[in-house]
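Across the two complexes that follow, chain A remains constant while its partner is chain B and subsequently chain C.
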Partner chain A sequence: MNYLLQQIINSLGFGSIVALLAAGYTMTFGLIGLVNFAHGEVFMAGAFTAYFILTILKLPFWLAILMGLVGSIIIGLLVERLAFKPVRGSGMITLFIIGLGVSQILRNSTVMLFDARLKGFTISSFLKGVYMLGEVMIFKKTLFIFLPVLAICIILVYLIKNTKLGIAMRSLSYDTQMAQSLGMNTERVIIITFIISSALAGFAAVSWGYIYGSVHAGMGVYAVVNAFVASVIGGVGNVLGAIIAGYIIAIGGNLFIAFLPPDLVGLRPLFVWIIFFIILIFKPSGLFRANIK
Partner chain B sequence: MEYVKRSNFIIKYVAGIGVIIFMLFLMERFLSGFWLTLFMLFGINVILAISLNITNGWIGFFSVGHGGIMLAGAYAAAFFTLPVFFKEGILDLNLPSFILHTQLSFLPALLIGGIVGTVIGIILVLPALRLRGFYFCAGTLGFNIIMETIAENIPEITNGPMGLRQFPPYTNIWWVWGIAILLIYITWMVKKSYIGRAFIAIGKDPDLAEHMGINLLKYKLYAFGLSAFFTALGGILWVHLILNLFPKAFNLILVFEVVAMIVIGGMGSITGSIIGAAIITFFSDVLAPIEEGFSLFGFNVPSMLGLMTVLIGVLLVVILIKKPNGIMGEKEISLGFFRKFLRTKQT
Partner chain C sequence: MSKNPLLKLNNVLAGYGKMNVVNNISIRVNQGEIVTLLGSNGVGKTSTLRTIIAQTDLKKGEIKYKDINITHFPTYKIAELGIGYCPEGRAIFGNLTTKENLQAGAYLLKSRQKFKENLDRVYSLFPILKERSNQIAELLSGGEQEMLAIGRSLMNNPNLLLLDEPSLGLAPKLVELIGKTLREINKEGVSILLIEQNAKMALEISNYGYLMRKGSIVLEGTAKELVADDRVKEVYLGII
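== the complex of A and B ==
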C-alpha cells in the first residue's frame, strides 16, 4: 500500500507538467481546431530561457519563472502569427502537417544553436530535501510544484467558466462565424488564448527543469505526446477534463512500469498509446464532455 | 487492324524497357561512389514517396506510421539475409532454428519482408480505420512509436538499441530502380483503372463514394496493402544500402521527410511525388556535408547539425502556406500532357 501511495505521489510532479500542457493544448484545439504539435517546442523554449537565467546568469528563481513564461509566450505567438494564421480554416490535416514542420524546425534549430546534450538546472536550496509522511516520502520540489499548479488550474477553470473572456472563448469554440457576426473580436480572443496556453507551457517547462534537474532539445516530444493523449482523453476542448486526464496519464504511466517486471521498463512509451487506442475505439468523445462547456 | 494495334503496343513496351535498361546501364557505368549511392537513395525515396502517396494522397487517410511498416519489413528481411555466423555465433539471436541456419538471397528476402510489412500494415490499419481525419494521423504516429519501442525492448531478437550490422551489400542500382519503375508502372495503371478511381473517389468524399457502391473497407485495405508492401521493400533496400539497422532508423524524422516529399510534390500525383523525392534527396543528401561545417575563403563556418531538417521544414511550411496543393497538384506529366501542351501552343 505504501509502495502504491509512494508511486502516486512521485508521479504528481510529471502529472502537473502534463496537466498544464494538456490544458494549453486543449484550449487551442477546441478553439480553432488546431492540433498544435509545436506546443512541445514552445514548452522547450521556456525551459531554455529559464536555463539561461538560472544556470548561466545565476539570477534568482522567480526571475527564471517569469522569463520562462515570457520566452514561451514569445515563441508561441511567433509560431501562431507566422505559421498557423495563414492556413487557418484549411482543415485539421494541413494544420497537423504545419505543426509537425514547425516542431521539427524549432527542435533542430535548438540542436543547431546549442547542442543536443543535457543542460543542468541550478536548483534553489529550499527546494532540496524531503518531507516524511509516515513511511511515504514527499520530495519538496514535487510539493512546491504541485500546489501552485493546483492553484493555476483552479484559476483557469474559473476563468473559463465565469469571466467575460471565458464566455467569449466558449462561444468561439461553438461557432466561430456566429461569434464573428455578433461583433466579437475573434482575432483578439485567439491571441489571448495562445498567450494563456503558451504561459502554461512556460510554467510547465520551469517545473520540468526543477523536477528532472536538466533540460535538453528533445524534451518536448515525450511531454507533448502525453499532453496530446491527455487532451483527447479529457474530451477535446474541455480544460478541466484535460487537467484530470493529465494526472491520470502520469500516474497510470508510473504505475504501469512500477508493477511490470524490471526488464520491461523500456515499454513505458507504449502506455499512453494503448490508452489512446482504447479510448478512441470505445469512447471517441473522451471520458468527459467535449468542447469548452 | 487489331494486329497492328497490338504490335504497336508491344513495340512501345519493348522500346521503353530497352531505353530504361540502357539508361541504368549507363548510370552504373559512369557513376561511382557518392553519386551512385545518391542515385540509389533517390530511387528509394521515389519508392517511399509513391507508396505513401497511395494512402495519403489518393484515399486521403494521412498516415505518418509508415516508419513502423518499414521497420517491421526491414527486420523480417534482415533475419534472413544476415550471415549465419553473425546471427548464431556473435549475437546469438533467439530465433527459430530454420531462420538461424539459412541465409537467403535478396529476392526471397524482399518478398518475405514485403509480406511481413503488408501484414503489419493491415494489422495497424484495422483498428485505426475507425478513426477519422486527424485522429487517424495521431494513431499512426502512435504506431510508429509503438514499433520502435518494441524493437528496442526485445534485445534477444533484435539486439536492442545496438542494432544489427554485417549485412551483405545486396542493394544495387538494378534492384532499386527496377522496383521503382515497377511501382511507377503499377500505380500508373492502377490510377487509370476502376480500383484507382475508387481510391480517389474515397479521398474526395467517402460518404458519396459509399453511396456509389464502393466498398470502403475493401478498397482502403487494398490501398494500405499495396502501400505497405512497397514501403517495406523501400525499407529493406535502404537497410542493404546503408548496411546498418537499428530501431531509431525509421523514426519520425524519416517519415517527416517522406511526408515533405509528397506535400511539396503534390498529394495525389505520381510525377509530383518523384519531383518531391528529387527535391528532398537534394536537400538531405547532397547538401548534407554543409552541416558538418566548412571553411570558405578563410572564413570558418561552424558545424550546424540539423540544418537540413530545418530547411526542409521551412520549405514544407512555406509550400503549404503559399501553394497548398504542392508543385503538381493532382496533375501528372505524361506523354499526353506534352502533346496537349504543344497543341495549345500551336492554336
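== the complex of A and C ==
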C-alpha cells in the first residue's frame, strides 16, 4: 500500500508539468483549433531562460521563475504572431503542419546554439529534502509545484467560467463572427490566451529544471506528447479536464512501470499511447465536457 | 427626411470573394426610426446587414455612422460604436448557458449596475429566459433561442440595432410579442434596421422601407406608400 502511495506521490511532479502544459494546450486548441506542437519548444525556451539565470548568472531563484515565464511568453507570442497569425482561418491541417515545422526549427536552432547535452540546473537549497508522512516520502520540490498548480487550476477555472475574458474565449470558439459583432476583439483575446498558455508552460519548465536537475533542447518533445494526449483525454477545450487528465497520465505511467518487471521499464512511453487509443475508441470526445469550444 | 441620418450607405458594392451580392445600394436610417428592408429570399438583404458590420468584402462605396466613416472598421469596433446585430437563424452560443449568452451580449458594458438593469429588462421582456437562465443554450427550443438572440443583441445598449428575420419560424403569438418588443425598444431611442419576411408586421411598425431585388434597391418610401405598392404585394404574395 505504501509502495503504491509512494508511486502516486512521486508522479505528482511530472503530473503537474503535464497538467500545466495540457491546460495551455487545450486553451489554444479550444479557441482557434490550433494543435500547437510548438508548445513544447515554448516550454523549453522557459527552461533555458531559467537555466541561464540560475546556473550561468547565479541569480536568485525567484528571478529564474519570473524570467522563465517571460522567456516562454516571448517565444510563445513570437510563434503566434510570426507563424500562426498569417494563416489565421486556414484549416486544422495547415496549422498542425506549421506547428510541427516551428517546433523543429526552434528545437534544432537551440541544439545549434547550445548543443544537445543536458544542462545542469542549480537547485536552491530550500527545494532540497523531504517530508515524511508515516513511511511515505514527499519531496519538497514536488510540493513546490503541486500546490501552485492547485491554485492555478482554481484561478483558470474561475477565469474561464466567470470573467468577461472567459466568456469571450468561449463565445469566440463557438462562433467568431457573432462574437466580433458583440464587440469582442478576436486578436486581443487570442494574444491573451497565448500569454496565459505560454506562462503556464514557463512555470512548468522551471519546475522541470528543479525536479529533474537538468534541462536540454529536446525536453519539450516527450512532455508535449503527454500534454497533447492529456488534452484529448480531458475533453479538448476543457481546462480542468486537461489538468486532471495530466495527473492521470503521469500517475498511470508511473504505476504502469512500477508493477511491470524491471526489464520492461523501457515501455513507459507506451502507456500514454495505450490510454490515448482506448479513449479515442471508446470516448473520442474525452472524459469531460469541453467548455471552450 | 430632414432628420439627422444615423446610418448612411452610399453606393455600396459588396459580396463574398469575387461574387457581388450587394450592388450599389444606398440606404439611410434616421435617428429614432425603424427602417425595413423588404425583398424575397436571396436578394441580398442579409448581406447588406453583414456589410454594415464588415462581414462581407466591401469593394466600393462608403458607410457612415453618426458622421464617422466606418467603411474600413473591423467588426468589433463597429460594435463599440453602438451598432448591435442580431443575425437570422438563432446564432446563439450553444456552448454557453442562457445567462452567459446574455453576459456575452453585454461584453462592452463597463458597469455592473447597467448589466443588472439590462438583464432584468431582457428577463421581463422574455420571462421564459429567466427560467432557463442556467440551461445550456443549445438545449433551448427554437423560439427560446430566437428570444435569447434578440435579448442578447439588446444587452450592449445599442444605438442602432440590425435585426435579421427575428420572427422566422416563430409561432404567431411570439411574432406579435417581438413586434411589440421592437416598438418598445424603439421608443427608448434605439433605431432599428429590420429585415423581415413578415412584411405586414414589419411595415406596421416601420417608418420607412426599401424593397430589394437582385442586390439592388428597386423601391423606397414610407411604410404607408410601400403597403399600397403593387411591387411589394407581388414580392410577398406572388413569388415566394
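Here are some notes:
Criterion: the second predicted complex is superposed on the first by the 291 of 293 C-alpha atoms of A that agree within 3 Å, B and C clash if a C-alpha of one lies under 4 Å from a C-alpha of the other, contacts with A are read in each partner's own complex, and residues count from 1 in each chain.
Going forward, contacts are C-beta pairs under 8 Å (C-beta built on N, C-alpha and C of every residue); 3 or more make two chains touch, one makes a residue touch a chain.
Because the structure is predicted, anything quoted here is derived from the model rather than measured.
Residue contacts after overlaying the shared chain place A:168 against chain C, while chain B stays out of touching range. In the superposed model, A:2 lies in contact with neither chain B nor chain C. In the overlay built on the shared chain, the residue A:101 is in contact with chain B alone; chain C does not reach it. Of the two partner chains, chain C is the only one touched by A:181; chain B is not.
When chain A is checked against chain B and against chain C, the one touching more of its residues turns out to be B.
In the superposition on chain A, A:83 makes contact with chain B only, while chain C stays out of contact range. Within the complex formed with chain C, the chain A residues making contact are 164, 167-168, 170-171, 173-175, 177-186, 290-291, 293. By the touch criterion stated above, chain C contacts chain A in their complex at residues 53, 55, 74-76, 78-80, 85, 87, 91, 93-96, 100, 103-105, 107-108, 152, 156. For chain B in complex with chain A, the touching residues are 62, 64, 127, 130-131, 133-135, 137-139, 142-143, 145-146, 149-150, 152-153, 253, 256, 259-260, 263, 304-307, 309-310, 312-314, 316-317, 320-321, 324.
Across the complex, chain A meets chain B through its residues 35, 83, 86-87, 90, 92-94, 96-98, 100-102, 104-105, 107-109, 111-112, 115-116, 225, 228, 232, 264, 266-267, 269-270, 272-273, 276-277, 280-281, 284.
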